[in-house]
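For reference, the structures are reproduced in the following blocks.
Heads up, the next two complexes both have chain A, just with different partners, chain B and then chain C.
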Partner chain A sequence: MNARSAPPQTSAEAKIAADYVGARLSLPGGHAVADLRDAAFDAFMAAGFPTRRVEAWHYTDLKRAMSEALPIASPPSATSILAQGARLASLCPRMEDVDSLRVVLVDGHFIPALSDVVRLPQGVALHSLADALAHGDAALIEALAAPGLGQGDAALALNTAFMQGGFVLDIAAGVDVVHPIEVVSLSSSVAAQAIYGRSLVRLGAGARLTLVEAEACDNGSIEQRNCALVCQIADDATLEHVFVPAELSQGSTHVAHLLASLQSRASFNSFTLARGGGLVRRQVFLRFDGDHSKAQLAGANLLKGRDHCDTTLIVQHVAPHCESREYFKSVLDEEATGVYQGKVIVAPGAQKTDGAMKSHAILLSDGATMNNKPELEIFADDVVCGHGATVSQLDEDQLFYAQARGLPKHDAEAMLLEAFVDESADRIENEAIRAHVIALMGGWLAARRRA
Partner chain B sequence: MAAVQETVDRVKSVDVDAYKYGFFTDIESDKAPKGLSEDTVRFISAKKNEPVWLTEWRLDAYRRWLTMTEPDWARVEYPKIDYQDLYYYSAPKSSPGPKNLDEVDPELLRVYEKLGIPLREQEVLAGVQERRVAVDAVFDSVSVATTFKAELAKAGVIFCPISEAVHSHPELVKKYLGSVVPVTDNYFATLNSAVFSDGSFVYIPPGVRCPMELSTYFRINEQNTGQFERTLIIADKGSYVSYLEGCTAPKRDENQLHAAVVELITHDDAEIKYSTVQNWYPGDSEGKGGIYNFVTKRGDCRGARSKISWTQVETGSAITWKYPSCILRGDESRGEFYSIAISNGRQQVDSGTKMIHLGKNTTSRIISKGISAGRSNNTYRGQVSAHRKATNARNFTNCDSLLIGETCGAHTIPYIEAKNATAVFEHEATTSKISEDQLFYCKQRGLSAEEATALIVNGFVRDVLQQLPMEFAVEAQKLISISLEGSVG
Partner chain C sequence: MLEIRNLHAEIDGKKIINGLSLTVNDGEIAAIMGPNGSGKSTLSYVISGREGYTVTDGEILLDGANLLEMDASVRAAKGVFLAFQYPLEIPGVTTMTFLKACMNAQRKARGEAEFSTPDFMKRVRAGAEKLGVPQDMLRRALNVGFSGGEKKRMEVLQMSLLEPTFAILDETDSGLDIDALRIVADGVNALRDPKRSFLVITHYQRLLDYIVPDTVHVMSKGRIVKTGGKELALELEANGYRDFVGEAA
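What follows is the complex of A and B.
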């Protein structure tokens, strides 16, 4: 926020620059995070929204999608919270057979009144981002900044500059959180708005947690979401994470960042189910800081209409003896565009790294497009790394086989597609949550069959 | 086994900095003034006695080049090139135009002897039922000798320096030059269009199967010269040709620039097999000197059922930046890319291919084997794309990397883009070092560590070596062993 800022190139960037000037001091954290925000804002203004000229955004033009910058969502009023509470149960019913602890966010802001805060077990601390920043120390701010992850990404810099809503969840060392924590995000406004959320989850040594992020949006308004989740996983800790972004309306943009770092012998398993809705960019930055850790990033992308969904992963092996797995399935119908970019970087010294990455896509229509870019960048010799990528249509022989046994073509297709995408959900360890995700995917396929 | 043993012996006999082809031959040469300007372009054009349209074509390229910027997306690093500090034209003094081999400077012929090029026809005529190879030798900027011309002419094949083709077959040159790699394709191709000096021109008439392998040997000799050759091969309907190029350069402390353009065109049912054994001087073990190999190679399968196959063995150059590509325009056309890229010392390789599927039922296959050793970086960068109308496009890609030593890097960057539901693309890549199990197995059977490594490396690249014409497979194997010296074992 000073003379160093480059002049904005588009009207959206100009609007964002003006918004920042106006909001800067009222954003949570005040002076404690002002430097962090300013640096991020300068970085964003210098780069502007990423275009396809930025290699990490080779297939997604955010600058074009962000032709205008929507007003930033203000914290919800008391009446709005009441209204959201009333429709919470219908809009986002509880998962079957999962006794989860709910954390409710409205327009990105943590609402304790709607959340199961009293049920939180010992050793679990939950605060809103604003509260955490107000009482937070330097360690918290550093953790939120996630140094070394996603550096140079303009969309993440924008999130850092504007981070407004979100929560900070701390699990003390050795605590095994039996009930999954389910973060439900709702949108209150029917007016078009921009939401910038930043949340932090810290697992102490040996802690265990299952975290589900579910977003719901039914009001048909256009949103520009730019939210980030930072996960810090200490030695021997285990985090299972499932993310189901909202199906926003066409014209919306949704950038969802996940920044994870793992210490020694830690385990991280993350699954994303994307069902389209405007432009979706899922980007994961993951780094192994300690040895003998394991991480798995899996997901399914079910896209139709003019959906554009971009999954970009950057996995950095810094420590030796770690294992990473990436496994993604995409089904693309009508004029949808799917993007998968996965990059595994093995730094010098990260010996005995074991990395495997797979991306499989099925195109159901001639108008659909799939772009795969699986990258390996390896600077250590004693490693085993591989990737595979396939694109094809449904197998004619399989279809014929199913039809020959009396299944109508539509049902045969649905069955084959179900088998194809369910394989990705098999990576979710929690059985009940896996069943829930499979049911969501089944719903998408059933809707397609009816259409 | 014999070949493996040869590899091992080779490794033993050569020490780290030995580059077999690093001799410099003192031949008087005729150079253009240093630096690049419209005058240089006109000078080159005048030297070649070119028609006006070609001079204008060059000048247009030069003017466009001035507005372009050097690409920086490849994973290579080098100090900025001063384009005004280069000679853009250098010809051996014995020009103009040797009528036959006897007129060629004997010193020059000795150079080729040292290189082991079968330039002298009598070698073949002397007996031994070997397959014959017609050679076009390009020394610095000028094509000095083309063999077997008469016999090729009998078959209707045109094989001559491109500077000659401009005069003898202007209609063909005019029609095809720049039709695959447009003048403004990229920075280095545009530079080449402005200042290209010579290269080979091949035209195979309809229905003719070229009676022998065609070959070009490129050598950069003169100091501070850039070599900008231009190759144009046209295979008319139903014809076939196999073409091989080999490259060497003397050892020098400073870097030399090589920016070539190769254009291939196949009409209906035609096939071109293009093989490269690239062994430019790679610089010493500290990265001093060596060739910058910035090359644009592209084939256009214009006709239905046509085929273009690229095979490359890349062992030389300080920096390699090349992506031999296929545009699969004709229905049922086929593109292939087989590559072995080896980097050692401080070499940087950024190479790969593009398979652009435009026609229906087109197929392509990519097999890439990268081996990095020493402190080198070896990148595979490839693109496979199917456009909206490319029904039933098929691609199979396999890129494997082998790492020898812990200070090298191996990278894989494929772009796989499908815009058609009937496209089937498969891509797989692996990176690993030579497995302990394999080494143990070989050693248990009495092989030394060096022999075992040589055996495994040979096995690793075998898929690609098999694609090379017989005569060059042996040579390529020798090159591989020389390139890996100092890192094996």
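What follows is the complex of A and C.
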């Protein structure tokens, strides 16, 4: 606890230190969780918010963006839950042709009353994080801590210290969950607030699940979201995951962690559609613990205004014979900034690793910036790993070709951009969810065309 | 009718079109021949409205309307069509999607009702059949992986569907073998119409054996230096451009 006495560097960090002291006893979990929180809090205070001097945060200065620490959202009241329930359908309409089971979070807190808990099939267990921590065993706490993933990351440590809200979802071995589970996150408050959620999804051996995380936000308030999803995928299990973060207001910060570990012959396919909104940091830490597994991390970033979106991936091949794919497309307009950092680490024993990483960006304005930084660290000698990154403008010849055939310039641009970004969504296996994501991307492009 | 009067145009400060005048009457096929670098492709771009070219003097009128005041898509809706020397590949956009978007954009610009999907499909299928374009090509991304001949055939299909009043064929013969050339030329000839005129840009006389022009113009250093009938093309084939290029100097 020595670090806690070190002088805080910024007023936001001082506020967080005071908040932690105040909240420490009321945060969910027993002694083991409290120890985990304390250790994480010390680690955070020792490091402070990441700055550009931290290599993994070279393009995103979180310390600067966190000029103040907003008050932490408390669990919503019964009245607030009723109010959110009333606007759920309009704020976050159901996806077309997708009969999903909904898990609703309000300000990061799991609200069973708004969720499809009664429809959950056998073999699917869903609990709030607080309940899970209260009754959970050591294995659950260890799973939540996701040891070895994101170690040393101060933003993740902060999430660990304050984690509340969120849910724990367990899929029993061999269960194929036919209906996608859709986690819908709403914000209730019009006041600026901070949300620290952590959720855990565990797939037993041979289980199959499609998980969609959809965040909605319409209140125009400033938020500081720091949320983590931990995915444990056992032997022969398959998880498809689609994440659509909210477009928060400018001035907001949004750090979204994904911590995934795969056992043998497992499959994980994750897609993120980021449409900006303040500062967004998507960080994925993924590790292959078992052989012959496959993971794909893909996404599209559609950014405009002063959006800042940072996608940082660390993929660790520990076990042999695994395949990793990273595939990202970015469109940046106006003054937007995009970051792609992908690091694939192949440990000495991870022979026959097959890795391929790509990031492609189109800049639509002189003021837009894209930083691409693919990295490979290979310590095994029998692997196939490659990466490619491009930054370009719309092709003038293609644009003229379409215009000369009668398409007005904005429509021609929209058509080419649509073709460019839609291709990333081809990686979503579920057809109806893919169509939904493509429609969301089309909406962004149409709004740009009208502007 | 297309009328170009005393056209001067440049790109990046470099003068390419240098006082060019040319009239193509309704129903006429005019051929422009000239050596490399004479400004033939630039002329096609300036007529069709490509950005980046600055017209410093002169005018281009299509049926009396000043094309230079319109952007490329408006010119297309007005009836200008450019068949590209190297048709562009558009990955991620199927040929069908592209055709429908272009046809309906033009109709919308002219204040006409857009085609319904069945109506559109019927037209495309019929047009494709006439040109021997296989249906599966229409479902593939536009021009992606098409051979040189297939790309040119696709250009002619687009031309037939968009029904321009003034079509420019820019080096349509390049990259085509004789069989492909004949198919493309047949497609163009089928579109001959008293109300439609063509400007055929070519290096070689060969294309003009298949698309027989009414007039032949020799271009050099950004102007028309000689105008004649179709026999002028044969003369050029025999003697080269030497005799005419000198006149422009």
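Note that in this section the second predicted complex is superposed on the first by the 444 of 451 C-alpha atoms of A that agree within 3 Å, B and C clash if a C-alpha of one lies under 4 Å from a C-alpha of the other, contacts with A are read in each partner's own complex, and residues count from 1 in each chain.
Here is the rule we use: a contact is a pair of C-beta atoms (placed from the backbone, for glycine too) under 8 Å apart; a residue touches a chain by one contact, two chains touch by 3 or more.
Quick caveat, the model's predicted, so the values are computed rather than measured.
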| item | value |
| --- | --- |
| Fit or clash between chain C and chain B when superposed on chain A | fit |
| Between chain B and chain C, more extensive residue contact with chain A | B |
| Touched partner set for A:131, first chain B, second chain C, both or neither | neither |
| Following superposition on chain A: angle at chain A, chain B versus chain C, Cα, nearest 10° | 70 |
| Which superposed partner A:416 touches (first chain B, second chain C, both, neither) | second |
| Partner chain in contact with A:403 - chain B first, chain C second, else both or neither | second |
| Contacts of A:38 with chain B and chain C, given as first, second, both or neither | neither |
| Least C-alpha distance (whole Å) that remains between chain C and chain B when both complexes are overlaid | 13 |
| Contacts on chain A seen with chain B and repeated with chain C across the two complexes | none |
| Of chain A, residues touching chain B in the complex | 55, 58, 348, 351, 361, 363-366, 368-393 |
| Chain A residues touching chain C - in the complex, by the definition given at the top | 395-398, 400-409, 411-412, 415-416, 418-420, 422-423 |
| In the complex, chain B residues that touch chain A | 73, 388, 401, 403-433 |
| Touching residues on chain C, where the partner in the complex is chain A | 48-52, 71-73, 75-77, 80-82, 84, 87-88, 90-93, 98, 101-103, 105-106, 109, 158, 162 |
